[in-house]
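Letters A, B and C mark the chains in the order given here, with residues in each chain numbered from 1 onward.
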Amino acid sequence: MVNAPDADAPLIERVKAGDVKAFEMLVVKYRRRIERLIGRMVRDVDLVPDIAQETFIRAYRAIPQFRGESAFYTWLYRIAVNTAKKQLMELKRDPLVTESARASRDEDEDNGSRVENELTDGETPDAVLASKQIASAVNFAIEALSDDLRQAITLREIDGFSYEEIAELMNCPIGTVRSRIFRAREAIALRLRPLLDTRDGERW
Amino acid sequence: MRPMTRRPFSALALAGAVCAAAPAVWAQASAAAGDGAAQAREVRAWLLRIHEAASHRNFQGTFVVSGGGSVSSARIAHFCEGLNQFERSESLDGQARHVYRHNDVVTTLWPATHVATIEQRTMLVEFPALLQAGDDRIADFYEVRPQGAERIAGHETNVLVVKPRDSSRYGYRLWAEQATGLLLRADVLGERNEVLETSAFSDVAIGVKPQPESVLAPMRRLDGYRVLRPALTPTKLEAEGWAMRQVVPGFRQVSCVKRPMDNPEPSDKQVLQTIYSDGLTYVSVFIEPFDAQRHTRPMLASVGPTQTLMQQQGDWWVTVVGDVPSATLRTFAKGLERLKK
Amino acid sequence: MSFDSKRDAMALERLSALVDGELDGDGAAQACGHWRESGEVRSSWHAYHLIGDVLRSDDLAGDPASDVAFLVALRTRLQDEPVVLAPQPSEHRGAAPEQHDVHVANGVRSRRWSWMAPSAVAAGFVAVAGVVMLTRGPAGPLDAPASRLAEVAPAAQPVTASTLEAEPPALVASGKLIRDVRLDRYLAAHKQFAGSSALGVPSGFLRNATAIESER
């Protein structure tokens, strides 16, 4: 795969032009990955959403300085890591630590080993079930796709090829690639939408 | 020893110190390493020489500034005759804008709209001489090192790297002409050492014959122009009911004026402008009463190296501008405090 | 799912292309507009990305309700943030300045020039919150229909005021950068004192400052 231009470039240009909504779209795109990253660094999972929020605010303020030398996600990743580190250092100084952090620290001292919080916001039994359902709905829907649609979306989402590259690989026009990927997404989304709270997006 | 004279000065201002730095100072660079005081003196000497050249040399050429994705160029000239300084700049692209200066009088012409402004650039608060003996602030906040030689616009130059010691300011790379010290190119460097802006001569003649009339004549020839004379009123921040509680390290207040922003009539919409400097760069803090019609949305704009922050603070609208990282602007804005009467 | 109209399907297909970064500036601007207006677009954007995340890794399946809560909370914080602007140069270069008529929402008309040529660094190009309707003259190089009266959202095209006289209203269309003359004035006032541009040159080292040391 040749140097793919950053897929986020069009949205980033919009943000630089003063369009805050474009940034919201980027947030929706990256929030899960960023929280997963932060979750690996921070034991107290109650902190994760706050650190994630702080990460995105810092990224927003620093967007003029993002000039595409790296992929946007790489840049965002670094901001997340720095933000998490800063928060952790501040907490060490702050006498008011959260209950869970204190608890896990105490357990540490007892066991002498790292203790992960078992239950998180996203890991209540309901939430675990919901995400399992989503995962299986997506996988089921992918299998049900026609070969063309499945290949197109797999080449895009898993292999990361550009439309142009996919057109070459599948020996079809770029417009067809775009259409196939769209139809694949819509077919999967059809199965997904009943599971998503945000069926009509109004809560956004 | 040159006597203290009334003369314009720049970021590299001086208070009568002689500029003696001969080209030999470049060779001594490595010898001074490790000796902090000597190094600070050397830094001052380099920068003074650059400043002196800009003040006292006669030169003209084409000057190009590129940054923030755009380019602008101008024909500029500078002449010095005794205590008099003359400068002119005529833009070569975009909207024509010609600026002429004779000592402290600056006339700006916009031929397209036939508007001219004449301004008196008197400094009203005593400017702390940033490079005077004993004030090594620049060396406190910047590390200055020579970095070889390069050819710019047909002239041999010495390269100086100016590295900030903290993240509150930008760095620079400077190319100073070897014989005179005249700066032929300056790059502003961002947080990742990326070039935010390049200002350079694409062609320059040094040591030209001074032509003061080429500056004075256009300053007089104003028929058909609507002439505006915006008046700047000196004042003190405290007198206006403000204090700056948290100053970014290295920055000191160098000026405080009231000025009209929207039209030159002094009775209208005055804005308070306070300027801070760390010796190399400046930050302006503008304060005006909040006006919901005009002050619609807070903003953080970034054009090349220049960041601008605009936001509401209480009943006021604060604008902070500077060639510094935006976090520095935020610190200035946060440091403003309205004094209780 | 059946689409209400062909237009909706087209909008969603463009949205899908934007997910992959395969949409130009105009398309992206339009999509952002739709994001603002259409719940369906918002939920589709969310769904398309969730699909991609899950395809790559099951543990990103996540809890959609928390996605919504997160964005709603962030939106509140973003509203307190100064709008970030880093104007980008126009894609079109060369040739002479062009004149457009700009209608401000309150009916005031003023003339603006737009650069197609490289523009002055000292100029600030700014989008200020507000709405403007931009019409183009019949011979515009950008082939917009002459009668078009809509929010135009191309890649940043700097437009500058040609007059200093009247106080121009702050103008912008969401997505279209129009110069705010007041930003220019702050910049000019700053550079004037800041030792750089007695003559409009931003380099502080080259020029003498405008200030004269007091004789006190």
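Of note:
Here, contacts are C-beta pairs under 8 Å (C-beta built on N, C-alpha and C of every residue); 3 or more make two chains touch, one makes a residue touch a chain.
These numbers were taken from a predicted model, which means no experiment stands behind them.
The chain occupying the central position, as judged from C-alpha centroids, is C. Among the remaining chains, A is positioned farthest from subunit B, on the basis of C-alpha centroids. Averaged C-alpha coordinates put the centre of subunit A at 44 Å from the centre of subunit B. In this assembly, the C-alpha centroid of subunit A lies 26 Å from the C-alpha centroid of subunit C.
Subunit B and subunit C have centres, each the mean of its CA atoms, that are 29 Å apart. Taken residue by residue, subunit A touches two or more other chains at 18, 61, 64, whereas all remaining positions touch fewer.
Touching two or more other chains at once are residues 81, 83-88 of subunit C.
For subunit B, residues touching at least two other chains, in rising order: 299-300, 302.
For subunit A in complex with subunit B, the residues that touch the partner chain are 18, 61-62, 64-65, 67, 69.
Put simply, subunit B touches subunit A in their complex at residues 190-192, 194, 299-300, 302, 307, 326. Interface residues of subunit C facing subunit B in the complex, by the touch rule stated above, are 81-89, 97, 113, 115, 117-126, 128-130, 158, 160, 162-165, 167, 170, 182-183, 185-187, 189-190, 192-216.
Against subunit C, the residues of subunit B that register as touching in their complex are 6-13, 15, 50-51, 54-55, 63, 65-72, 74, 76, 85, 87-89, 91, 93-95, 97, 99-101, 103-104, 106, 110, 112-113, 115, 119, 121-124, 126-127, 129, 172, 174, 183, 186, 197, 199, 226, 228, 255, 257, 259, 261-263, 271, 273, 275, 277, 280-282, 284, 286, 294, 296-306, 308-311, 319, 321-323.
For subunit C in complex with subunit A, the touching residues are 1, 12-13, 16-25, 27-29, 32, 35-36, 38-56, 58-68, 70-75, 77-78, 81, 83-88, 127, 155-156, 172, 174-177.
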